[in-house]
Amino acid sequence: MSTEFTTVLNYEMDHDGDPSRLVYTFGGAEPRASISPGQVLDTSSLDCFAGAIHSVDDLVSEVCDHRFLNPQTGPFYVEGAQPGDVLAVHFASIEPRHTLGFSTTVPLFGALTANGFTQMLHAPLPEMTWVYRIDKEKRTVRYEARESDATYELPLDPMHGTVGVAPALNEARSALTPGDWGGNMDTPEMRAGVTCYLGVNVEGALFSFGDGHARQGEGETCGVAVETAMDTVIVIDVIKNIEPVLWPRLESDTAIFTTGSTKPLEDAFRISQAQMVHWVAELTGLSMMDSYQFVSQAVEAPIANVVDTNYTVVAKLRKDYLPAVAPMNGVHARLKAIGRAYLDTK
Amino acid sequence: MSTEFTTVLNYEMDHDGDPSRLVYTFGGAEPRASISPGQVLDTSSLDCFAGAIHSVDDLVSEVCDHRFLNPQTGPFYVEGAQPGDVLAVHFASIEPRHTLGFSTTVPLFGALTANGFTQMLHAPLPEMTWVYRIDKEKRTVRYEARESDATYELPLDPMHGTVGVAPALNEARSALTPGDWGGNMDTPEMRAGVTCYLGVNVEGALFSFGDGHARQGEGETCGVAVETAMDTVIVIDVIKNIEPVLWPRLESDTAIFTTGSTKPLEDAFRISQAQMVHWVAELTGLSMMDSYQFVSQAVEAPIANVVDTNYTVVAKLRKDYLPAVAPMNGVHARLKAIGRAYLDTK
Amino acid sequence: MSTEFTTVLNYEMDHDGDPSRLVYTFGGAEPRASISPGQVLDTSSLDCFAGAIHSVDDLVSEVCDHRFLNPQTGPFYVEGAQPGDVLAVHFASIEPRHTLGFSTTVPLFGALTANGFTQMLHAPLPEMTWVYRIDKEKRTVRYEARESDATYELPLDPMHGTVGVAPALNEARSALTPGDWGGNMDTPEMRAGVTCYLGVNVEGALFSFGDGHARQGEGETCGVAVETAMDTVIVIDVIKNIEPVLWPRLESDTAIFTTGSTKPLEDAFRISQAQMVHWVAELTGLSMMDSYQFVSQAVEAPIANVVDTNYTVVAKLRKDYLPAVAPMNGVHARLKAIGRAYLDTK
Amino acid sequence: MSTEFTTVLNYEMDHDGDPSRLVYTFGGAEPRASISPGQVLDTSSLDCFAGAIHSVDDLVSEVCDHRFLNPQTGPFYVEGAQPGDVLAVHFASIEPRHTLGFSTTVPLFGALTANGFTQMLHAPLPEMTWVYRIDKEKRTVRYEARESDATYELPLDPMHGTVGVAPALNEARSALTPGDWGGNMDTPEMRAGVTCYLGVNVEGALFSFGDGHARQGEGETCGVAVETAMDTVIVIDVIKNIEPVLWPRLESDTAIFTTGSTKPLEDAFRISQAQMVHWVAELTGLSMMDSYQFVSQAVEAPIANVVDTNYTVVAKLRKDYLPAVAPMNGVHARLKAIGRAYLDTK
């Protein structure tokens, strides 16, 4: 694959304002379009409310249908992708479409409230909506308190909460859930400049993404980030004849990342760390025990989410600790070059 | 309290090579010395093996007595400390005593092995020891693989795994365990330049610390960091008439931190986040719901340990997100100034 | 609905020995047959290996395709069932088809081994198969040790590990997973004489069942019970205009049961207990706090499974503690009478 | 040891109504009396409130001091007990002292409420007290609703929530916590007729017990059982030269039991099951894998508590599944005979 981009797929989800025409699962949905390795995908995503929140007066339980939360862009049928391959998804650009982002509390959802799984006898916490002003020039979002006049500026740091493929075993999984197929991992590391690696379970991979966040704290504690529609440019590749990717991985210019998504949170940690031990052993030739030792001293372990139906933990390793390794045959650099070439034309 | 240091307590744990004369609990031990608020403590700590590991041929199960792991320096009786007060422990300097650090695997201990609580029917993983060369000039530690010739350089980043006071309820807790009294939290954030805040449970607080790490990955995955004896300079203060500190907190020049230590890991996360929500509300005047929202978008959530008898998660908030707040009446800046004044004399 | 059975549906899953023609999900599969409320379903189920294990020499990893584990009988379209209704599934009879049952260990599956979620660095435990002789006259199964000559007799206690309907949110879930749709709950309480209540998520409910066990310990510790094909007689009803059943419930002549299926195990416990508190409040008119207190002193809490992709806990309350309550409008007694009337004709 | 009892120790905790003179830890307290193997201990215990609750108008947060909850009877120095021995504690009789028992809710304590570890932002559930009338003739306790006129009869089933010895590693642990030293396991199986086996950690064992419950549901869901003072007759023995008992075990006439106490709940399950696998292998000569298989089909797994600072799960195996095994050299039968001989004299 050359680093020149060849063709561009411009794609927008068509739904005519009817949320029931959108897609809310990984698996179980027909592909909306096809895409080829190396092709640039210039597209967009709705926010997780399917655009139903407009002001502090809009409450999720009143303006949203619980069946139509977190709509995904896709699925895309990736030409040539076969089970056992690895799909590489490079985010060349993720930019908020609008100047407002929204966060909310949702009754019986979040890390510091009783919820449908951690069931308790408490009444729900108050349901509220917060509006953030997004300044793309200053690269900030502005928090405005609801119960006082306080405001605070936080860095704009756009990302996608949800990236994934169709799961194995003929499952169809809600876009609210993360797992080994990707899905709603909600890690702030999924920002522009990053390549996400996903194991392919079905022919064509059936890739989708969505859930744009103007920024998010680690853990997504109240359950909702600064939600906003996004304009996103993606470059995709299919890697064949490589060790299987059992759980989603990421790569940036400066680090490699593994993820684990399950409950309890220590098992999500264990998955991410074990996957990093195996990956480092592959990349370096270290024995498993030597890799275990190296990772134990070198890794960072930022939490992604503790609110979704599975929790997600990330293991992060700085590339400068491991000079001269080339993860995934160097696909990250190639996809990044294609993305930049395309963005330079705009 | 002025920022001039007044007196210095030079203290070394005296044990004549007999590990049974050292202290391995928080609570349950008589104070070894007294210290006054504002006084400088210039002291040292043994490594977690009580110095019994010297080379790759020393295995923990052969050279250590399991009753004598993780000896603490202290306890120190802090003049004037009463239950309900907050003890501020500023680490002015933490420097490795020696040029070697040691890490090991320990049978049935660690995050990626069956252990005494996550009991399984597997045989233990291999028991091994790794030696790290510490270069205090270059500020690096050198990893050397045991089963190949590979070596890697990692940044030297000295810290204390264990800092705490006597627990409540007349408990005495092993120095291997973290909890609301502090103890074996094993967070890499406990480095020089940081002030740790601990709620006082008994008269005199009975402060101890130890478990120096030349560096540690987040999670301390194999259960053992780059263990080394430390030379440590501490400045202590007692804060009265302040909101209780229910779980240990930290402050650096650039961030404030809360901690939670329990199992499962999501409950450690919940504690750290709830404590941060309450602290931000106190510091800013935000309502609880507004603070919950702010923290959800602003916080970082690095894991500290997933190997000890309780797991530890940290919530970290950059101070520049919250201009003009003064945590703990500004004690961090005062203790830091005292520490610097003392270090300048050496 | 009268207690006379009207018609009988005799149904066998047709697959001609090709396991790919069977159904392995709840949701995502077309109905195989329709059934009406009050109709008797006289049917059978394959064992969880789809019949591939025949002797101690057959190992799961060698003779089974991991895509084709735990085939279900169904799905059945239940006439008249609408979302929000409650499906009542009465098991009139569950009898082993054959005289042999099989249990196994499966690499990296089970409660006392590292597995795909509780990831560790251990090699798998040995993979083995055990054969149990089933004596339907004596009502026993005979355990035979593999590594010595020991044999032990255990009571025959036939049950179905898997009972469920199509999930909500357009999900399709592997038959290896339990959740609020039922599925692979693996509770020994699902024996003949019991009625299972399931909330209906889609038109027709799409009921399936399978995974017959000649007996099972609580927890299903090694991950596999005494697996065997079953002849099963079921009577179904649809209950309308009743409080929603959010998580599967059971009723026998002597007890009512709620279930919760998630991880960690304490959340499965919390779900089952909270659902019992709410159910007892509905049945008795007790306030929520009074019901919480009553349940706290009266309930039993047997674990169902700690091996599947979600764990299951049961809350069980003896009916004689609550005289004069009639759960679910008395449907259990009516379905039981229909089942007995049918069995008397055979 | 003969089955004739030789001497009797009549012992009452002396505190003159001052709760600060009672004992609230395992470890960290001086022995109150000495007892010899085979000696009968005829004694009593206070309820967990130290007798401070007398009516529905008494709330725990108002009438109890949180430092003085769950007072224990003991510790008793057991003559001849050495670290590595097994202490056998036979409960010959456990009978309520009074005709009233009390249960309560406690703010931020219990399984279905936010608490100090599962921290959330909810306000506490209402704090209430319930009074149970105990009828020792009819063997019932009578539940009386607080917010309606309902009453229900439940079986009287007296038990001790707390039984233990001094922990290892010089720890002193609150009597509110269970662990490998025993402590607050809160299993309803700890009733009269049962022998509890505890590993000895310190010379003299330092045995204590308390926390009588007139009855308790499995899980102790609201956190408080039907609490009552007890008259208790105990017979003790020390078993030497036997496999170590790493976690508390029980034996009745009809079953053997293992326990695990930690969080998350699945780890408590894993401990109890792994200990049962090892115990069955010892008793039968089965290999570890054969024992794993046998236990998987034969065991019951009732939850004990999901409210204390550690959670407890029990593994229970009927003795008639394992004919001809003699656990712990038959000490249960001998202690039972001594206890009966003594009770016959009263």
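Order of writing sets the labels: A, B, C and D. Residues in every chain begin at 1.
One rule holds for everything that comes next: contacts are C-beta pairs under 8 Å (C-beta built on N, C-alpha and C of every residue); 3 or more make two chains touch, one makes a residue touch a chain.
On a predicted model such as this, the values are computed, not experimentally measured, just so you know.
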**Asked** With chain centres set to the mean of the C-alpha atoms, which chain is at the far end from subunit B?
**Response** C
**Which of C-D and B-C has more C-beta pairs touching across its chains** = C-D
**Asked** Just how far, in Å, is the C-alpha centre of subunit C from the one of subunit A?
**Response** 35
**Item:** Length of the line joining the C-alpha centres of subunit C and subunit D, rounded to whole Å
**Value:** 34
**Fill in**
So, in whole Å, the Cα centroid of subunit B is separated from that of subunit C by 48
**Request:** Going through subunit A residue by residue, note those that touch at least 2 other chains and give them in order.
**Result:** 112, 118-121, 125, 263-264, 266, 270, 273-274, 277, 289, 292
**Prompt:** What residues of subunit D sit close enough to touch subunit A in their complex?
**Reply:** 112-114, 118-123, 125, 264, 266
**Asked** What residues of subunit A sit close enough to touch subunit C in their complex?
**Response** 24-25, 27-28, 67, 117-121, 168-174, 176, 260, 262-264, 267, 270-271, 273-275, 277, 288-289, 292
**Asked** Residues of subunit A touching subunit B in their complex?
**Response** 103, 105, 111-112, 125-126, 128, 130, 132, 141, 143, 145-148, 150, 152-154, 215-226, 263-266, 269-270, 273-274, 277, 284-287, 289-290, 292-303, 306, 311, 313, 321-322
